[in-house]
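Below you'll find the structures, each written out as C-alpha cells.
Both complexes shown next keep chain A, but they swap its partner, so chain B is in the first and chain C is in the second.
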Partner chain A sequence: MTTYFNEMFQDGNVRSPYARLEGWTRDMPADLRLAKQAEAEALFRRIGITFAVYGEGGDPDRLIPFDMFPRVFTANEWAKLERGIKQRARALNAFLVDVYGRGEIVRAGRIPAGLVYQNAAYERAVAGFVPPKGVYSHIVGIDIVRTGPTDFYVLEDNCRTPSGVSYMLESREMMMRMFPDLFRENRIEPVDNYHEILRRTLASVAPAKCDRDPTIVILTPGQFNSAYYEHSFLADLMGVELVEGQDLFVDGEYVYMRTTEGPKRVDVIYRRIDDAYIDPLCFRADSMLGIPGLMDVYRSGGVSICSAPGAGVADDKAVYTYVPEMIRFYLGEEPILNNVPTWKCAGADDLGYVLSNLGELVVKEVHGSGGYGMLVGPKSTKLQIEQFRALILANPGNYIAQPTLALSTTPTFVDQGIAPRHVDLRPYCLVGERIELVPGGLTRVALTEGSLVVNSSQGGGVKDTWVLAE
Partner chain B sequence: MLSRTADNLYWIARYMERAETIARLLEVGARISLLPSTQGYKTEWDSLLKASGNSGGYVAKYGPPNQHNIESYLFFDRDNSNSVASCLTLARENARIVRTALTTQVWDALNTAFQELKLLEAQPRATLELSRLTDWVMKHTAMVRGAIDATLLRNDGYNFLNIGYYLERGDSTARLMDVKYYVLLPRAGYVGTGQDNDQWSMLLRALSANRAFHWAYGGEITPAKIAHFLILNPQCPRSIWTCVAGMNNHMARLATLYGRDTEAQVATTALLAELQDQSTDQIFEEGLHEFLSRYIRQVANLGVVIHNSYLSGDMH
Partner chain C sequence: MLLSVDHVTRYEYDRPVRGVVQSHRLTPTKFAGQRTISWNVSVSGGTMGGGFRDGAGDWVQAWSVAGPVSHIEVRVHGEVETTDLAGVLKGSRESVSPEAYLRETPFTNFDPALRALGAAALSEDILSSAHAMSASVSAAIAYRPGSTHAHTTAAEALAQGEGVCQDHAHALLALARSQGIPARYVSGYLQSSNDGMAHEAAHAWAELNVPGFGWIGFDPANQCCPDERYIRLGSGLDAQDAAPIRGVSRGQGIEKLLVTVAVQTQQQ
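Let's look at the complex of A and B:
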C-alpha cells in the first residue's frame, strides 16, 4: 500500500502553513459551505469562465470545478521551487537557441542528434534565426508534483502556449471575494500583477525594426477554442487587441491589423495557436487560421512571435529526459528540481523493462497532452493493460514510461465533507529581458477519490494556490 | 478598434433592439386577445407576424396563424432567426467574442439575460404567462442599455453600438407602421369609429408611445398627428427622425475621432436632410406606404454602406 504525502496533516499534526486553515474549516457550518460553493459557481458562470473539452460534445459552457480549500506553500518551500523553475526556464531557452544555431549540445554528444533534428516539432524554417533577446519560450509552464516534505519532481515542461493562468487569477479573485477574513489572517503573496509582468515581458522582446512603444496583440484561433475565455481575459487585462488570423495581414515588411481607422502595424504577437497554423505559406497550406507571409516578416525582424515558432522541440516528452543535462551543459549548475525517472520505449532495454512492469508504471505518448493517450498501470484493468501493450509494441518510439508517483494530497471539499485528493502544480514562468515568476500557480486537483489524473479534461478541478509571506 | 470588433458591437445592439421589438409586438398581441373583439383579432395576429419580418417562416412551419403557435414562434423558436430567444442568444454570442470591448457590467447584463433564458426554456410553456415573458425581455434589454450608458467608455465602440441600436429601431418603427399603414389613411366612412381608435392606440402601444403621444399632442387622436409623432417628431424616442438623427450624431463623432469622413456618414446626413424637409402632408401625398417602403429600402442600403465604411476591414 502506497502512502501519500498529505500537505496538511503529518503524523496526526497540522503542518505549519495550514495552521490557520484548520480552524477555518472546523468553524464553517456545512450549510455555509454549500452556500459559498453555490455562490462561487454562480459567479464563475456569470463571469463566463467556462471550459470546453475537445471531442466530448456536451455543454459548451461547462464550468471547471473550483475547490474552495486552498493549497498552501511556505516562503521557504516556494523559494526553492522558484529557483528551480527559473533555472529550468533559462536552460530550455538556451537549448532552443543552441539547436537552431550551432547545435553545441548535439556536437558534444550530450543529446542524440536524431531526437532533436528529426523531431516533428523541430522547425527547419527558423534554423539560423535568433529571436529578440534570445528567447524562444516566453511563457514556460512547468508541471510539478510533490511526493514528500522536500520532494518535488517536474512532470513535464510546456514551452509553447501553456494555458490555465486565467484560472490561477480567477481562483484568487474568487477566494478574496468570498473569504476576505482568510486574507487578513494569513499573509498571502499576491499574484494579481501577472498581466503587468506578462505585458512587460512581451514588450521587452519587440522586434529589431520596432522603434516605438510596441503594439502587442493576442492571436486566438477563435471563440470555439476551449481556452478562448483565457485569451480574451488576458487581452482585457493587458489592454491589447484580441485578434484572429483574418484580422491580420502582411504588407511589405510589416504585419498589420484591420481596424475601423485603417491598417495598424503590429509589433508583438502573443499567439495562442500552434506553429502549423500561423502561416499557410510556410507551414500548413490548408490552414484557414494563418496569416500568409507572417514568417517572412518574422525572419526579417518586422514582428516578434511569442512563443517563437519552433519552441515545441524543447517540451517534447522524449527531450524532457535530457533537461537535467541541459542545465549542466548550459548553466554549469546541478538541477534544483528533479526529473521523474523515465524509460524511453525506443531503447530495447527500457522497452523490455516497461513491458514487464506495465502494471506499476504510467505510460505516455511522446507527443500527447491533456491526459489523453496514457496508461496509469495501478489504476487500470488487465484488459486495458493488454490493449496498451499492443499499442506500445506497434510503435515503441512513441511512448515513454515513468513510475507511478505518489502524488501528494491536500484537503478538498467533497460531498461527504473534507477528504484528501491528489494535486499537482503549474507555475507560469515569464521570460523576456528578465525571468520572472509570480508567487503562485495553478493547482489542479483530481476530484475523484484515488484518481491521479488531474487534467481538467478528465474531471480535474482547480484550487487557489497560496505562497505565504515570510 | 478592430473592424471585426466594431461589427460584433453593432450586431449586439441590433439583436437586442430586435428582441425588444418582438417582445413589444407580443405584448400588443396579448392585449388584443383580451379585448372583446368578435372578429378581426385573427387578422391582428397576422399583422403582428408580418411586422416581425418572418411570417413566411411561420406559415411554412405551422400553417394558419393561431395565438399559441405565434407566441412560441416569436419568443422561443430557434428556427426563427428573429425570435426573442435567437436574438438574445446571438447578442450574447457576439458579446462573448468581444468581451474585451465591453465592461463587466455590460457583459454581465447580456450574459444574465442569456442564462435566465435557458431557465425559461426549461420550464413548461403552460406555466409561462405571456405578459411575464414580455416584461422579462423589456427588463433585460433595459438593463443592457443602462449598463452601456452608465459604464462604457465613450469611444468608437460606443458609437458603433448606438449606430446599431438606432438603425434597427428606425427600421422596426417603419415596418410596424407599414403593416398598419392603411388604418392611418384618411377614409371618410371610418373616421371617428371605435375600431379606428383601437387600431391607432394599438400602433402607439406597439411602440410604447401611447401615453407619450397624449403628452406630446393632447386632444383628439388623428392619423396625421400619429404619423407626425412616429415619423417626424424629434421628441419621440422611436420616431424615424430620432433614429436617423441618432445615427448621424454617432457617425459625426466617429468622423471627429478618426479624422475622416465616410460614405456612410454622407448617406446618413443626406437622409436626415431629406426628413427635415418633409411634412406630414407631403408624406400622405406621396403615399404613406410608398414613403415607408422607400425609407425601409434606404435603411437597408445604409446597412450595406455602414458595413463597407467601417466593418469590412477594407478602407472606403
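Let's look at the complex of A and C:
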C-alpha cells in the first residue's frame, strides 16, 4: 500500500503553512461552500475561461474545474524550488545555444549526438544563429511533483509555449474576490505582476536593430486554438496587440503589423504557434497560419521570436533525462531539483526492464503532451497493458518509462466534503536579460479519487497556489 | 575555368497579386573550388530584405515586392572562376553538425527499395560506399526530362526507373541516410554543352559526408563528382529546403513560371 504525502495533515497534525486554513474550512457552512463554488463557476463562465480538449470531441467550451481549497508553500519551501527552477532554466538555455552552435556537450560525449541532431525538434535552419541575449526559451514551464516533506521531482520541462498561466492568474483573482478575509489573515506573495515581468522579459530580448521602445505582439493560431483565451488574456494584460499570421507581413528587413493607421513595425513576437507553421518559406510550405519570410527577418536580426524556433529540442522526454548532465556541464553545479528516474525504451536493457514491469510503471510517448498516449500501469487493466506493450514493441524509441510516483495530496472540495486529491505544480520561469518568476505557479489537481493524472485534458482541475511571506 | 551565368526566372500571374516575398539561395558558396569575380541578383520592383550566412555556409537573401504586380523577374548575372577539387567541398565555413543531415524528409523517405540499394552499396570504406551508391542511383534511374515533376519523391522516381537531376539527388540522399551516412541536397549551375550527357544548366546533386574528407559532391545524373564545370549555390535536406528561390505571393493570381539559364565558358 503506497502512502502519499498529505501537504496539510501529517500524523494527525496540521502542517504550519495550512494552519489558518483549518479554521476556515471548519467554520464554513456547507451551503456557503456550495454557493461559493457556484459563484466561482459563474465567474469563470462569464469571463469565458474555458478549455477545449483535444481529440475527445465534446463541448469545446467546457470549463476547467476550479477548486477553492488553496495549495500552500512556506517561504522556505519556495526558496528552494525557485533556486532549482532558475538553475534548470539557465541550463536548458545554455544547452540550446550550445547545440545550435559548437555542440560542446555532444563533443564531450555527455549526450548522444543522434538524440540532439536527429531530433525532430532540431531546426537546422537556425544552426549558427544566436538569439538576442542568448535566450532560446523565454518562458520555461517546469512541471514539478512532490512526494515528501522535502522531496520534489521535475516531471518534464516545457521550453516552447507552455500554457496555463492564465489559470494561475485567474485563480488568484477569483480567490481574492470571493474570500478577501483569507488574504488579510495570511501573508501571501502576490502573482499579479506576472504580465509586467513577461512584458519586461520580452522587451529585453528585442533585436539589436531596434533602437526604440520595442513593439511586442502575441501571435495566435486563432480563436479555434484551445489556448486562445489565454492568448487574448495576456495580450490585454500587457497592453499589446493579439495578432494572427495574416495581420503581419514582411517588407524589406522588417516585419510589420497592419493597423488602421497603416503598417507598424513589430520588434518582438511572442508566438503561440508551433515552429512548423510560422513561415511557409522556411518550414511547412502548406502553412496558412504563418508569415512568409519571417525566418529571414529573424535570422538577419530584424525581429525576435519568443520562444526561439528550435527551442523544442531541449524539452522532449528523452532529452529530459540529460538535464542533470546539462546542469553539471554548463553551470558546474549539482541539480537542486531531482529528475524522475527514467528508462529509455530505445535501449535494449531498459526496454527489457520496462516490458517486464509495465504494471508498475508510467509509460509516455517521447513527443507526447497533455497526458495523451500514456500508460499508468497500476491504474490500468490487463488488456490496456497488453495493448500498450504492442505499441512499445512496434516503436520502442518512441517511449520512455518512469516509476509511478507517489504524488502528494492536498485537501480538495468534493461532493462529500473535503478529501485529499493528488496535485502537481507548473511554475513559469521568465528568461530574458534576467531570470525571474512569480512566487507560485499553476497547481493542477486530479479530481477523480485516486487518479494521478492531473492534465486538464484528462479531467484535472486547478487551484490557487500560495507562497507565504517569511 | 571561368564560367559566366545568365539566369532569368520570370513569374507571371493571370491576375495581379498583392505582393510577393522570396528567400534566395542564389549566391555562389565561398569555398576553395570557386571564386566569385562578379555577381548580381536583381528582382524587378523588389526591395532587398535581410541577408545572412546560415549555419551551412549559404548566403540567404530575402526580397519583397509590393503589389499589385502581374509579373516579376529575378535576374542573376555573374562570373565565377572554378577549380576542380574532385567534388570535395574544401574551405567552406559552416557550423551545422553533419548528423543533422541524417533525417528523412517527404522527398527522401527510406522506402524499402531505396534502403535495399543503399545496403547493397555499403562497404567498410565510406568513400567507396558513397561512389557505389551514386553509381547504383545512376544505373537505377535513367535520365529522362519530363518524366517526373517537382513533387516526385525518391521512391516514386526509383519505382518508375526514370527522372531528372532532382530525383537522382533525392534517391542518393535516401540511400546514404538510410545507411547512416549524412547526405544533403545541393543546388547550383552546370556548364552547358552538347556531349549527350544529362546537362541541366540549373542543376542539382548530392553531397555525402565522408570522414577524413568532409562533404563530397556526387552527381548521379552525370555519373561524376562536381568539377570545374559546376557552380555551387546552396544546400539543404531536400530540393525544397535547398531551393535557390522560395517564394510566396499574396493574392488569387495563378502563377506561371518561365526560366532561362545559360552557363558558359569565358575565354581567359
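The rule is simple: the second predicted complex is superposed on the first by the 470 of 470 C-alpha atoms of A that agree within 3 Å, B and C clash if a C-alpha of one lies under 4 Å from a C-alpha of the other, contacts with A are read in each partner's own complex, and residues count from 1 in each chain.
Following the convention adopted for this analysis, a residue touches a chain if its C-beta (ideal position, glycine included) is under 8 Å from a C-beta of that chain, and two chains touch if they have at least 3 such contacts.
Note that the structure is predicted; figures quoted are calculated from it, not measured.
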Exercise. Examine A:Phe129 and indicate which partner it touches, taking first as chain B and second as chain C; both and neither are also allowed.
Key: second
Exercise. Using the touch definition from the top, say if A:Arg299 reaches chain B (first), chain C (second), both or neither.
Key: second
Max touched-residue count on chain A (chain B vs chain C) belongs to chain C
* Could you look at A:Met175 and tell me whether it touches chain B, chain C, both or neither (first, second, both, neither)? => neither
Tell me which partner A:Glu241 touches in the superposition: chain B (first), chain C (second), both or neither.
first
Mind working out whether A:Arg45 is in touch with chain B, chain C, both or neither, as first, second, both or neither?
first
Report task. For A:Ala206, decide between first (touching chain B), second (touching chain C), both and neither. Result -> neither
The chain B residues in contact with chain A across the complex are 1-6, 93, 96-97, 99-100, 104, 107-108, 111-112, 115, 156, 160, 254, 258, 310-311, 313-315
Chain A contacts chain C in the complex at 100-103, 106, 113-114, 116-118, 120, 122, 124-129, 249-253, 280-282, 285, 292-293, 295-297, 299-302
Chain A partner, complex, touching residues on chain C are 19, 21-23, 47-56, 60-62, 64, 66, 94-97, 99-103, 236-237, 240, 246-248, 250
In their shared complex, chain B is touched by residues of chain A numbered 45-48, 223, 228, 232-233, 235-236, 241-244, 246-247, 257-263
